[in-house]
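Below, chain A partners chain B and then partners chain C, in two separate complexes.
Now for the complex of A and B:
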């Protein structure tokens, strides 16, 4: 809900929005790197590289963010991305399956891994961090083993058909990946899910207090499985989009998505313990993270030290988000007639 | 009391977890428009008793009756569908959700159709605010406020108003005033009286005698998993109840008599007096 017809938009009201911190942070890092990075960063090359990176990590961050709002983590996304892209390319190259079926196969792999994660998390008391690290290694091993068994090497080259390339892998103006548009679609769908449909309420309740949510009649098991399947699907979608963009699939790809997606979500103000967060925040967090990531490259800073900046960014973001959340609660308590 | 059948009654209920007996031969009943105060020290079995009544645990033996008929409460959901609502010490609500959203959690009002069903925030907020204001909490006037911004008493009131709105007939309040200041507690006691006036059966669990005396019609004191005393309003003075609760002479005497009885009767506790 971005509008409040009763209250109107005031400065105080804006400050009480949990995303306000993320927005201020994004503007600050953009101005900083615009000054450091110069014309290239402000121009199309900078914008496209930020958006290209944002679109891929952003698609995963949205559904990982939903899981985190529901109080769970998903580390397995890092191995779902290569599992999906290799499924697509092995099916298309080694088995001669048509592109569309190969792509559906890749997405099905993501849904299946998500289903397994969801069942394990909802049926056991093992923390989801451990379960999804387990499935991550399992899937990584399977991907490596099967790829070598079937293809004889750890990478597969693929020449996709024109239609598949246009839908999932084309470069608009030779610079902007079509995945940016897909990111927009994911943002719209997940915004609807979390903030418009009644299901969003269930997700917040699940992350806020699982016992109370179950007592209120929410099917917590099914909801958890559904959210993990969404996260598996999103990671698989990025896998498909990568193999269609780069015409190749690598077994080792994808590991960076694990921590990058979590960082985007946390910078975007999602509470690590669940129960609070927003799609707008996750999008802002993703952009902030990618601006810094690409800004380091464009500004000519020694990339060896880039990780220090990213680490600092994460800590500062979490601290300011906590501050803003406390402010929102205080304002809520103070608004009395 | 009246001669109506009790809404909820426990008849000879025992509960053990493996070899450990937690509750022995519990007989309690509560009628519409009546407040039953369940008093007892920590470890007396109060929370196990609540869990039996709210469908979390099943009795090892004995019967739970509603309106005179034996019922099974296999899940918390089943209990709430039968009209038994449990409100826990901290209100069981979601601090970072809005009042409207947490009021309707699990039963969200929607508008639109098919896959385009939209959570109806305006209706949810209006109904939630009205339900709470009807209970006399007029300070809550904006359904968008976060639950975490409410005081402890307001949170309890919100939870009670929610239970009543969704058709609860039996309200189980688990130490609702334990974590509250004097003023906030008075607030909650007023809400309890209002629930009673509306004809709900209230089971009020507490160890604060003053609070129990303020609202209770009927009192049961739980010691070591057995009902050690069962009396109506006016039958005991505040001092006597306090003495029972605080483990003074009377308490010690009762315990000794229970233990003596149990020793003579193969470990069975005495029937309620």
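Now for the complex of A and C:
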């Protein structure tokens, strides 16, 4: 007799979580591709494929997601990835700087670009979409120009030292990129930031209503700058991890991260207008996105159908998120009364 | 040609390299200032310009700012050349629908057209006197043959932008070239949202290699595809010959290190050099090359000649 109400509450509790939709979506695509892809997809090759891709886009999606919860966008991540990886390789190859300093240099580039974005967004009334498109182009041009000026070409080949390779670019058990562990670190830190520390409430408040947030005494300018710096840092981190994994940095890499990260975030249930979302949701959205992206190659289906599934998922996510949110609100209201 | 920029913003307009006010004898038109491939063409044009000026001619080199509004930008450059009284224009045809009418009008105004790099199938439409460039299909045949003759039995041809006609032609060529030498080819298309994503593409290759252990060679239409394939080999331990169309300094290093087998080059330096110098020689001396079109590729770069290519790259010509 005691189990029944418990089960009821658990179900209710689950359904009232805003991530419920993302979770159901992830399970659905996983089962689909597990059936289509067979042993290879269920085993280490498939798991590592999904996780390797998830780790890179996932690190960016987490901080882009925070920004979206705070009501902002960041397009510049697409140019920060190559800016960072080229900074690392130019410093290491052309200037002979030790790996660790080169890596710090790459990360500093991301923080600096984030700082510029944050200042521009918080000090002007221009939409962040436009500002970050502007910085994206600026950074892209600078990266291209400086790389050609310094290195004489648009790609740099780098053989990292053993330590740097082990920390940022090794393959664990031959298949799993070490960036998966870094993704876990990012998840833990950003989870703490959004759901444990008081900063989290500020971020939600900022996305809910900027004016009220400011009136309530939240330092919205500093918060915005901090979030953009986090986003720049995350993208730069992925740039570092790419150059260490593939031993090469190229000017024209990284553009895919812009849309891919936004899709992960939206599939993960973050409200496009800001004010709602969760780290768990973003992680689920990232996994869902990558299961479809990689599952398609194990399934033997025409990879172009993968794009259709992703497009459909995105639309379904946006449509059901609102529904789940309304349901969650109704349920918690019902519980209170 | 490589369209390296895929950004959302709208056209940012044209910036034209403003030349001297006097009439130019030859105008050479090329692609975006942001495209490294075009820099190699420019090196060829620059070197040919030395010969042209030594013979009393002038060359003006015009490039579009980017690829966002490519067709109209090219037409603007063509019209500008005609308005300046150019006697000859050397130009690739990348956007036939936009360029053909403008080039026809230029020819009717008495301008001689020399074609290079792209658009071989429409050469007759614009009435170009010759073509210096590669043929995507022929380049594919060369690459497919190379891999098959070096022992490949089952080759994957990777397309990073599904539906792109030039890439489809490349893989068609690989298929036919490999078939001649007794190998089969599977075409692997990765969706556009993985274009440039080395990790995502590497994982796609891994799935293909695990799904079909008979695969023993992979040729990618994108240079980054070679980096992805090297990673897929690290993950699976597969024995794989790796090739790619076009190349970067990173691919030259991979070929030196032995992780990449070969790259298929179309020698853009020769395209710029020959198109410019031969157009001028035609106008000034009345020369004509009896070979038509003149193919500058495929030129295969592998361990045997990579050092010479590295030396040429250091000089900006490869």
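FYI, the second predicted complex is superposed on the first by the 325 of 337 C-alpha atoms of A that agree within 3 Å, B and C clash if a C-alpha of one lies under 4 Å from a C-alpha of the other, contacts with A are read in each partner's own complex, and residues count from 1 in each chain.
As a working rule, contacts are C-beta pairs under 8 Å (C-beta built on N, C-alpha and C of every residue); 3 or more make two chains touch, one makes a residue touch a chain.
Worth saying up front: this structure is predicted, and the values here are computed from it rather than measured.
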Chain C versus chain B on the shared chain A, clash or fit after superposition: fit
Chain B, chain C and vertex chain A (Cα centres) - angle in steps of 10°: 130
Partner chain(s) touched by A:27 [first = chain B, second = chain C, both, neither]: neither
Which of chain B and chain C A:259 touches, first, second, both or neither: second
Touching partner for A:101 - first (chain B), second (chain C), both, neither: neither
Chain B versus chain C as contact partner of A:246, first or second or both or neither: second
Partner touching more residues of chain A, whether chain B or chain C: C
First (chain B), second (chain C), both or neither touched by A:304: second
First, second, both or neither for A:35, with chain B first and chain C second: neither
Touched partner set for A:218, first chain B, second chain C, both or neither: first
Contacts of A:329 with chain B and chain C, given as first, second, both or neither: first
After superposition on chain A, the shortest CA separation from chain B to chain C (Å): 32
Chain C-contacting residues of chain A that also contact chain B: none
Touching residues on chain A, where the partner in the complex is chain C: 40-41, 45-46, 48-50, 52-53, 56, 75, 78, 133, 136-137, 140-141, 144, 148, 151-157, 171, 174-175, 177, 242, 245-260, 293-294, 296-298, 300, 302-304, 306-307, 310
Footprint of chain A on chain C - complex, ascending: 2, 4-9, 12, 34, 36, 39, 162, 188-200, 202-204, 206-208, 210-211, 223-224, 227-228, 230-231, 234-237, 248-254, 313-314, 316
Residues on chain A engaged by chain B in the complex (per definition of touch): 1, 4, 6-7, 196-198, 200-202, 204-205, 208-209, 211-218, 271, 275-276, 325, 328-337
Parts of chain B lying in touch with chain A, wherever the complex brings them together: 76-77, 80, 86, 92-97, 101-102, 104-108, 110, 117-119, 121, 139, 141-142, 144-146, 148-150
